[in-house]
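These are the structures, in structure tokens.
Shared between the two complexes below is chain A, which pairs with chain B and chain C, respectively.
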Partner chain A sequence: MELRMDTPVAKPGLRRKTRWYFWGLLFLVPEIVIFFIFLWVPIAKGISYSFYNVDFVDGNAFVGWQNYADVLGNPDFYTAIRNTLVYMGLALLIGFWVPIAMAIAVSELKWFKGFARIVGYLPSIIPAIVLYGMWQWFYDPVGPINSFLNFVGLPEFDFYSKEHAMFSLIILETWQNFGSATLIYVAGLAAVPRELYEASELDGAGVWARIRYVTLPSLKGLILLLLVLQLIATSQAFQSQLLMFGGGPDNATLTYLLLTTREAFTFFNFGKASAMGVLMFIVLVVFSVATLKLRKGGDEA
Partner chain B sequence: MKTAQDRAIMSRYDFRKPGVKVVYAFMVLCIILISLSMLYPFANTFMNSLKSTEEFFAFPAPFFPSHWLWGNYKESLDYLNIALHFKNTVLIFAGNTFISLTFLGLAAFSLAHLRVPAKKWITLYFMSTLLIPANSYLIPNFLNLKGLGLLNSFWAFWLPAGANAFYLLLLKNFFDGIHKELFESARIDGASEFRSFLSIAVPLSAPILVTLVLLGFSTTWNDFYWSSLVMQEDKLPLAAAIYTKIIYPGSTINWNVRFAILSMTLLPPLIVFLFFQRYIISGLSLGAVKG
Partner chain C sequence: MKKSFLLSALALIIVLAGCGGGNNGTSSPSKETDSGAKPTSSAEATSPESPSASPANADPVSIVAYAYPADKTEENATLNAKIKRFVDKHPNVTITPKYWKYENTEIAIKMASNSAQTEFTTWATEAKLLSDKKWIIDLTDKLANWQYAKDLNEFALAPFVIEGKTYGIPIDAYGMTITINKKLFEKKGVPLPPLDWTWDDLIEAAKAVNDPAKGIAGFIPMGKGTEAGWNWTNFLYAAGGEVQSVADGKVTATFNSEAGLKALQFYKDLKDANVIPKNWALGYGDALTLFNQGRGAMVMCGSGNALDGAINQGKINKDDVLLYPIPSMTKGGKHTGVAGGNYKVINGLATPDQQQAAFDFVVDEYFTDAYLDSIDAQITSQKAKNQVYVPQLINYWNDSSEYGKKYEEILAKHDNVYNYSPELSKLMESKPEATYETQAYYGEMANAIQKVFTSKGDLDLQKLLDDTAAKVQKGSFDKVNIE
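Let's look at the complex of A and B:
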């Protein structure tokens, strides 16, 4: 406990109390104000704007639930939700296991371990805009990938077609993001006690059995955590969709957040966009709280 | 002196089995292929930035340009005033770092070591924002800045940079680890709390501060969408300027010139990474607590 030499109990009073808390509050006040103006006000305003027709010229007009009705009545809304779910699912299916496999493989390397660990992280250092600029060319009908396919006598692959667009994005995103998850898993693997491998080997467990029954169970907590983080991140994806495909072709890559920003900054329906933000806010906060509860419950069990 | 520490999943004994050997060889091959697929795009981008347009589209395309046309770089400056936008990025980064670390540092110090009334509630006031995804209030955030008259001003980045509960959490966790006795003795020696913060807490937390500065660097350098909304024309940071002027979907600017710009943009973060690798990677595992 702190040394209570001049406790406010001895001489109660506002001045005494202010002096007691002076430094603590002084240091907190700037952040309390900043958090209020730049976080809590926008969050509150988002809820209130969702009931208004936001108009910079004529002023805002209260419209009740109209924005929500408009959002729910828009067929693009359902397309966007479906696309976002498909994108999240594909990202799990194609991308989620790659860093786990890569981390295990890299940890087994005898040479160039440090290099192999870092090389996958390279795209995470480079600004996303540069990567998208590069991939616009790689996916081009006459770009390097199609030239290569042509060279080995395979048919051309149209990365920009409606059917392939989502798949093309997942490949790009997996390439771009798996390095950071790999490094986290590598750190997790380093914490697995070597004695466990030694003991299971003496018990006759083969390499696969050791991975299956020692390595993966030790990583379980980390895998679950990164799973939740990936779901939260992919549910908010829109930047690569915007830059590589502009949401097209024919809305095939229109994600929820991309539709939200389009409503706001292309059609200037800020009220509708705010309503979409509120819906997303509810879903994601419920999801976060639920996973937090689950994780807490899991720890106690 | 072979100890248990030298092994990973596989032991030397495993390598004597032919089946394991084959799988291991396949695995090494996969890693080599992945490494190549990581490096090739960057090498390709750089080489392509030096080619002529004819050579760029030649089939099969040569990897190296026959003449190194540095003129592409000069031409790229006609499309984009790189120095100006670079300066904007640096300005945003410097201001963000200063504001966020100063004020978040003070607040974290206060929560960790000073007397604060209703500390629990104040902590909750800050930390509950961690659960709210930033994208869900993207639109009202923009309208809020517009209402405050901050659009197209650097303050639109600098001030909100202070509203970062994640940094606050990391700083507070770090300060919690510093022994209270250090500050007690400073108090007895007559140092003000501000003095203790500046000359005890800050020097002791150098590693976390470096990590946060680097995190901020990559965030600022990366962000193109939000800054393209907030800033206009001459005030755009580099990534946003590239987005609005160079590689928007359907851009018609020559590929080799585009790649010259991309090559120049990827250089600074690459250099920073090579110098501060250790800190950046430790920051990464910090990121995992954010869930």
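Let's look at the complex of A and C:
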């Protein structure tokens, strides 16, 4: 019997390569089509609309940079940027470390680990509309928080004031979202080799030293990734701002995306809203590229 | 490799952007001329005999009617019966009921996707906006061929008459009132204020019935969203103020007048007296919910709407809620409040045949006994559910007309119909909402109101009003083109 030396697929040279690519591309087609229709076309349309006065009946009229000029000339635009930055900063300060602490606490537990994980994740399951109703009651002057403060003899806290409104939202958002981030950290912790802990314990490290020298360094990559994700998510926040305070009082919780939605769906200025979207898009792209570069630099170092 | 990929992606985006722009620029106008060419022929063909039956050989037309949410079984049954009666007379028309309730924040999406009903219901504030965008059609010619057009209540029709053209058909209209929870007054042993009340009476009553420790507010003004501005405008009107003036094709903000200052000072007084909820962030629904829960003694709303909700959803006894006019600024002054209402309009994106059919369908049973019978049936079915029918204060017909009297007779037959006190109607004065960029004004005013509700200490109210007026002027009023 003659021995076949070549495999049926392994045709030499270019043909083999193109064929290989052809099949690969074929499998990618559905994804490309879906991405094209639902992602790239809307992005491209968004960019194009930002140069038009959008009108469904009479057709769009090209207005050049007018929408951008209007957006930049609107004082609320700067208020919204400031508020968004404040919100992002507060979310970092108040909310970012909560899931890390929670995950470490859960993983240090000897019993009820699974139970603690479920309890931590529960808030994320509550539908938004119930959530806001619930927090409206929590923050009410006669709600549970203020009743408690009254009970222990402390003055009432005004969650709805101009100074506190953004803070109130951060508490609500942190409470709702820490569960899913905790789960990610818990998964990350599970990947830390047990030997490291054992070695550190042999070296006489206590709980704090273990966290400081083993846990946190092992989570560094994950923490950085979630940091970037949180910054992107909080820069686009508008749901709780809209539903709890409608952007008020006196625009204190007017975020960038809320202003964009307001332009689009309250005032029907779709061109202006698209222009705002494009500006946001550019900032986020620059931010993403910068973090990628930074992370690469960090890795090489 | 990466660079070239990025470059090609960028090129793709630019090409796409160009395509998108080109499409939008060229295809839509052709659609416009398309629909623009047709109306003459179809209007000639169908409108003369429109209220009567269609000719047997008419082209088939299908339209979508404005239905109610699925749980409103009674209203939907009434609509379906109406559709059946219409289709029997016009066999070429197919009507599909579809539920979508008009929302000013959703209409643009519905129009962009052309998925709004062929005929839908909207509010008095929307006339200018919808007609400017050509999302609704001019009905002047169609009304000219309709025998009952002259019988429509002129006051109710007014907001939809713009520069001599009529864009909507009134269903009902309201004037703003203040609804009072009588039980809270009785519990505290506070006498009810007189019906011919003033701003001072309102504050005094609110102070007396106020109980912050229990979370009960004397008065619940709306403070979130455009409805905040809408609520405040009642006091602007009561003080004799105007939102805007129109002269030489230019709209000028006038709400920062002396009247505006007085109205804003009144809001500041409410805040200083601590008679409003600490949670200022109350939209329309939030404010009414608080009222229904007995957490506020007074709330401001269109005619009987708050009362309707309090009785039928909040399960407050109908004798425990009372309607008051907007208080006058000083004794003997006018009780002027904002007027608004519901209107039927025809979708501007529909074909002329559909538009004609939709118009015929909308007015089919106006001024007929069938309409009155359907109200009769609705009241009867509400009685079975222990509910109270709260009629509108103003309807599409004139109360003094024959038809108006027939309607009154039907109401008189039932014992589950809310009766407005005749003194209330005598005291109430209703003034239509502003015509141009009203939502933008309401939205901007909401910020000023929130500032008043949340600031501690003194505020320069005149400056606040001036700043707000300047912002609305520059951002919205200056951009209005009056032809």
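Everything that follows uses one rule, which is that the second predicted complex is superposed on the first by the 249 of 301 C-alpha atoms of A that agree within 3 Å, B and C clash if a C-alpha of one lies under 4 Å from a C-alpha of the other, contacts with A are read in each partner's own complex, and residues count from 1 in each chain.
Here, a contact is a pair of C-beta atoms (placed from the backbone, for glycine too) under 8 Å apart; a residue touches a chain by one contact, two chains touch by 3 or more.
Here the structure is a predicted model, which means the values were calculated and not measured.
**Q** Putting chain B and chain C on the same copy of chain A, do they fit or clash?
**A** clash
**Q** Which holds for A:Leu258: it touches chain B only (first), chain C only (second), both, or neither?
**A** Neither partner.
**Q** Is A:Pro141 touching the first partner chain B, the second partner chain C, both, or neither of them?
**A** The answer is second: A:Pro141 touches chain C but not chain B.
**Q** After the superposition on A, what does A:Ile223 contact: first (chain B), second (chain C), both or neither?
**A** A:Ile223 sits against neither chain B nor chain C.
**Q** A:Phe268 in the overlay: touching chain B, chain C, both, or neither? Say first, second, both or neither.
**A** second
**Q** Between chain B (first) and chain C (second), which does A:Ile170 come into contact with in this model arrangement: first, second, both, or neither?
**A** Neither partner.
**Q** What is the contact status of A:Gly246 with respect to chain B (first) and chain C (second): first, second, both, or neither?
**A** both
**Q** Return first, second, both or neither, reflecting whether A:Leu122 touches chain B, chain C, both chains, or no partner chain.
**A** Only chain B; A:Leu122 stays clear of chain C.
**Q** Applying the document's definition of touch, where does A:Asn74 land relative to chain B and chain C: first, second, both, or neither?
**A** second
**Q** Please work out whether A:Val207 is in contact with chain B alone, chain C alone, both, or neither, and reply first, second, both or neither.
**A** A:Val207 contacts chain B only, not chain C.
**Q** As a test of reading the superposition: which chain, chain B or chain C, is in touch with more residues of chain A?
**A** The partner that reaches more residues of chain A in the superposed model: B.
**Q** Take the contacts of chain A with chain B and those with chain C, and give the residues found in both.
**A** Correct list for chain A: 40-41, 43, 45, 49, 54, 136, 142, 244-246, 264-265, 270.
**Q** Which stretch or stretches of chain A touch chain C in the complex?
**A** It is residues 40-41, 43-45, 47-49, 51-52, 54-62, 74-75, 136, 139-142, 158, 160-162, 244-246, 248-251, 262, 264-268, 270 of chain A that touch chain C.
**Q** Under the touch definition given earlier, write down the residues of chain B that touch chain A in their complex.
**A** Residues of chain B touching chain A: 4-5, 7-11, 13-14, 20, 23-24, 27-28, 30-31, 34-35, 37-39, 41-42, 44-45, 48, 57, 59-61, 103-104, 106-107, 109-111, 114-117, 122, 125-126, 129, 131-133, 135-144, 148, 159-160, 162-163, 165, 168, 184, 192-194, 197, 218, 221-222, 224-225, 229, 239, 242-243, 246-250, 255, 258-259, 261-262, 265-266, 269-270, 273, 277, 280-281, 284-285, 287-288, 290-291.
**Q** Applying the document's contact rule, which stretches of chain A touch chain B when the two form their complex?
**A** 2-3, 20-21, 23-25, 27-28, 30-32, 34-35, 37-43, 45-46, 49, 54, 102, 104-109, 115-116, 118-123, 125-130, 132-138, 142, 144, 147, 150-151, 175, 179-180, 183-184, 187, 189, 194-195, 197-198, 201, 207, 210-211, 214-215, 222, 225-226, 228-229, 232, 236, 238-239, 242-246, 257, 260-261, 264-265, 270, 273-274, 277-278, 280-281, 284-285, 288-289, 291-292
**Q** For the complex, which residues does chain C have touching chain A?
**A** 12-13, 16-21, 24-29, 31-32, 104-106, 108-109, 111-112, 114, 129, 133-135, 212-215, 223-226, 277-281, 283, 286, 348-349, 439-440, 443, 446-448, 450-451, 453-455, 471, 475-476
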